[in-house]
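Got some structures for you, see below.
Here subunit A shows up in two complexes: once beside subunit B, once beside subunit C.
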Partner chain A sequence: MMKGAGLCLALLVIASLAIGVEDLSLSGAGDRLPLLDLLSISRMPRTLAAVLTGAGLAVAGQIMQTLTRNRFVEPSTAGTAQSAALGILIVTLFLPSAGIGLKALVASGCALAGTALFLSTAHRLPPEQPHLVPLFGLVYGGVVGAAVTYVAWQNDLLQYLDIWMNGEFSGVLRGRYELLFFCVLLIAAALLAADRLTIMALGEGQATSLGIDYRRMTQIGLVLVSVMSALSVVVVGLVPFVGLVVPNLVSRIFGDNLRGTLPLVALCGAILVLSADIVGRLIRFPYEIPVGTVLGVVGPFVFLWLILQERRNA
Partner chain B sequence: MPIRHITRRALCVAGLLLAASHALAMDVETYAGKVEIDTPPKKVAVFDIAALDTLLAIGVTPAGVPKTLYLPELAGVAEKAEIVGDIFEPDLEALSALSPDLIIVGGRSSGKEKQTSRIAPSLDMTMDGVDVIDQARRRAITYGELFGRQDAARQAVERFDSSLDRARKSVQGKGRGLIVMTNGPKVSAYGSESRFGWVHKALGLPPAVEQMQAATHGEPVSFEFIRKADPDWLLVLDRAAAIGASDQNARATLDNALVAETKAWKSGRVIYLPAADFYIAAGGLQATQRVLSAIESAFSAHP
Partner chain C sequence: MRDRLILAGLIALAAAAILAFLTVNLRGHLAFALELRGVRLAALMTVALAIGLSTVVFQTITGNRILTPSIMGLDALYQFGQTGLVFTLGGLGYVSLSPQLKFTVGAAALMLLAILILWPALKRRMDLSLMLLAGIVIGGLFRSLTNLLARLIDPQEFAVAQRAMVANFAAPHTDLLLIAAAVTLVVGGFLFVRRHQLDVVALGQDSAIALGIDWNRVVMIHLLCVSLLVAVSTALVGPVTFFGLLIAALAERLTPSRRHARIFLVAFLCGVIVLVGGQTLLQHGLGQASTLSVVVDFIGGLVFILLLFGRHRR
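Up next, the complex of A and B:
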């Protein structure tokens, strides 16, 4: 299965490198851009950004679902992404000249605080009512989102905010996405912690008796989720549903042993976002449809299907 | 009772005549259809920045204005007027405290005349973007008649037309242009049917990309698109600058290896349009004149 997914991603990468407004040309004859320049300036960065965002968000979603022990939670529905956007907004207001690095830092900090608050509350909800957690997450994300909207509205930044709230890759070029490479480190860290995360999914009591430092692991998971979400919000904007749909589909087919499934989650996340970006580039060629819009259209249907399936299995 | 009927009718007619002696009873052509205004307004609240700009051009001072006016040229106006909401949303309480005898909405407050007309006769003076230049003229003439400043309006329109003429002459035969708007790190392109299309039509500037669809908010495009279009002139609107947030400027967004390959960038033919004049106050006589002279001076600098 890993092989199949890997092959699929490889094909998508090739397609993504080939698709764009400029014509591909080997020689760079006439006024055409030489192939290598085109690839290194525009196509490679865009493709890599989509792959890294997708993998990062899917892994972040998986970790978040493990930490909350709930399948219907993901960073963009439970306040993490909204908190990150609040962070960017704060930097924009108080330090307008701040570089993207500082923005990412503050966004990560805010995402961390926002997610920690969500987690600490989610843990107090009665475990016998599993739909309470995602419901609470939606309300919480909505409240944080409303705060963001209010601040933006007060400062005439509403439409500016839309950029972060609707992820897209049209602005990605060499030199404008490299922050996402941190996602590789974070995903690697998540893979290292996969076994522990699997045990944590059993709950605090079980995990502790099996020798897991539950609190420490929660903190690590929190940092991973927050930083990955914040990075993608800073660089490409909010990309919904990846963190929700991908871990669910993977665990439905392959179970919950994260050591085996986490790499697959990352791969499938990359596949989903990259194909959504390719679709967005093609539908109205040569114009673009943001990846957030494409996923926003497809995502709810998959989400509904998942919920209905859940009921049938119950 | 026919006699009583007749007296009543006579009284009515007399009353009408009396009113007409110092009334104006004109049909104002608005975005939402014709509206009859029967007394010349003295105290006017204005929500549309373009309308505000044109009113000032013909010497009408507004009594009520929105909170943020965006154009530095309008800073003095706010000091003398009451704040009655923002450009999107009239503050009905503040409005009714001001009790103006005419309310002008439009653009971002389009459609709000239904609410404000409970307070005073209201006009929606939105310009639909198909032919901003012609509408700018017509609005100015209308305001002139409405406020009894026909001569000032005529002169303002003449000044407007002559700067339009100069801009048109400067543009002729200097190649194709592409209008883009930067919004933070992202770019949209605008064709000749868009809200900024008047630049192509009124000035005779051939578009670098034919057949771009009419999308008010432009078409999100990649930098590859701009390079492929390879315009001789790049007309840039920095949306963040238009609304006063100047942290992510357009130059930084466009300064990349792909845009650097266009004829426009190579030869320094990149025009940064006065953002608020072009974006917020489109169709205001003075604001549009400033846009025209920015275009004229940029084109004239390159023979």
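Up next, the complex of A and C:
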């Protein structure tokens, strides 16, 4: 399965490199822009950004679902992404000249605080009604989002905010996405912790009796989720549903042993985002539909299908 | 006694809000300024009535206190219809249509879609939290679809569509005021005549049927009323997700009576106080006129979360 997914991703990468306004043929591309420059400045960064964002968000979603023990939670529906946007807004207001690194740092901090608040509150909801957690998450994200909009409105930053709140890759060029390589480190860290995360999904009591430092692991998971979401919000904006749909589909087919499935989750996340980006580029060629919009249309259908399935199985 | 006192207090507050809205900072040509403010006031009061009535009726027929038409995505549905019109007719065609016709088409489409989407869920008595979750996701889907359509049309036409997409209490679409007010009054009158029937419906499906209510027919008719009222408020000011929830929750706290005649009145008064009072306060006190919808969504979202946790503490 891993091989199939890897092959699929490779094909998509090639397609993504080939698709664009400027023709990519060995002879013709030389007119305006040398082939190598076109690839290294624009196509390659864009493709890599989609792959890294997809993988990172899918893994973040998987960790989030493990921490909340709820299948319907992901960073963009639990206030993580909105908190990250709030962080970006704060930096922009108080330190307009700040570089992208500082922005990512503050956004990560805010995402951490916002997600921690969500997690600590969500635990107080009754566990026998699992649908309340995502419901709370959606509204909580909405409340943080309203706060973000308010601040942006007061400071004439609404248009600026739009860029962060709707994920798209059209602005990704060399020099503007390298921060995303941190996602590789974070995914690696998640892979190292995969066994412990699998045990954590059994619940606090079980995990503790099996020798897991539950609080510590929760903190580590929180940091991983927050930093990954914040990075993607800083570089490409809010990309919905990846963290929700991919872990659900993978665990439906391959079960919940994260050591085996986590790499697959990362791969499938990359496939989903990259193909959404390609679809967005093709649908109205040469204009583009943002990847956030494409996923916003496809995601709900998969989500509804998932909850209806869950209901049937229950 | 206490009940009467609260009612008198609400009426006084609403009257004060209306008076302040009309008179604060009144300058220049008096008759002209008053007429301008009067029209806007009428629009805001129509919205308060439409949202108050539709939310209370919707909560009665679904038998819950946290579900509202906007949370279920009905206003997103109306906007999707309007963007669809721009898409099919082109920006010029859309602008040259009379506003009344556009409203009528939109309202008719909304009623049809609401029946198609909500009717099966209501008839089958779907689990409340599941329905909520599905509703929020469907609302998100229609927002994304609207966004997608908007991207597929020309930028100039996009501007036309966008005007209908943002909630704005400071500049309601007053060209629709006459038809909107007429629809609201007719539907409001109809609901008032049926207030006793609604009192029976509020007892729940089994009791209501035992008491001789033709349940399916009654629910269907009231669902149609709700969608008409949602069309009115969305056409006038755009979508405000949590306004209905806010005033319905306030009304429920402020009146011990479960009779619809009383709840309708109290919800309407709360709506006027929040909308007209809030608008006056923001416009003249805080110097920012356009952000009321954001503030309402922020506070309304918090109320939703409190209700969610409050409901399960009991």
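Everything that follows uses one rule, which is that the second predicted complex is superposed on the first by the 308 of 314 C-alpha atoms of A that agree within 3 Å, B and C clash if a C-alpha of one lies under 4 Å from a C-alpha of the other, contacts with A are read in each partner's own complex, and residues count from 1 in each chain.
We adopt the following convention: contacts are C-beta pairs under 8 Å (C-beta built on N, C-alpha and C of every residue); 3 or more make two chains touch, one makes a residue touch a chain.
Note that this is a predicted model, so its numbers are computed, not measured.
Novice: If subunit A is used to align the two complexes, do subunit B and subunit C fit next to each other or clash?
Specialist: Overlaying the two complexes on subunit A (C-alpha atoms) leaves subunit C and subunit B clashing.
Novice: Who does A:176 touch here: subunit B (first), subunit C (second), both, or neither?
Specialist: A:176 contacts subunit B only, not subunit C.
Novice: Is A:163 contacted by the first partner subunit B, the second partner subunit C, both or neither?
Specialist: First partner only, subunit B.
Novice: For A:37, is the partner it touches subunit B (first), subunit C (second), both, or none of the two (neither)?
Specialist: So A:37 only meets subunit B here.
Novice: Kindly classify A:297 by the partners it touches after superposition: subunit B alone (first), subunit C alone (second), both, or neither?
Specialist: second
Novice: Once the structures are superposed on A, label A:97 by its partner contacts, choosing first (subunit B), second (subunit C), both or neither.
Specialist: A:97: touches subunit B, not subunit C.
Novice: Which of the two partners, first being subunit B and second being subunit C, lies in contact with A:135: first, second, both, or neither?
Specialist: Touch partner of A:135: subunit C, not subunit B.
Novice: Would you indicate which of the stretches 116-124, 134-142 or 170-178 belonging to subunit B has clashing C-alpha atoms with subunit C?
Specialist: After superposing on chain A, the stretch of subunit B hitting subunit C is 116-124.
Novice: Where on subunit A do subunit B and subunit C both make contact?
Specialist: Of subunit A, residues 284, 287, 289-290 contact subunit B in one complex and subunit C in the other.
Novice: Mind listing the subunit A positions that touch subunit C in their complex?
Specialist: So the residues of subunit A in touch with subunit C come to 72, 124-126, 129, 131-132, 134-136, 138-140, 142-143, 146-147, 149-150, 153-154, 166, 240, 283-284, 287, 289-290, 293-294, 296-297, 300-301, 303-304, 307, 311.
Novice: Can you name the residues of subunit C that touch subunit A in the complex?
Specialist: Its residues touching subunit A are 127, 129-130, 132-134, 136-138, 140-141, 143-145, 147-148, 151-152, 241-242, 288, 290-291, 294-295, 297-298, 301-302, 304-305, 308-309, 312.
Novice: What residues of subunit B sit close enough to touch subunit A in their complex?
Specialist: For subunit B paired with subunit A, touching residues are 68, 183-187, 189, 219-225, 227-228, 230, 239-240, 243-247, 253, 256-258, 261.
Novice: Would you pull the subunit A residues touching subunit B in the complex into a rising list?
Specialist: So the residues of subunit A in touch with subunit B come to 20-23, 31, 33, 37-38, 41-42, 92, 96-98, 155-157, 159-160, 163, 168, 170-171, 173-176, 281, 284, 286-290.
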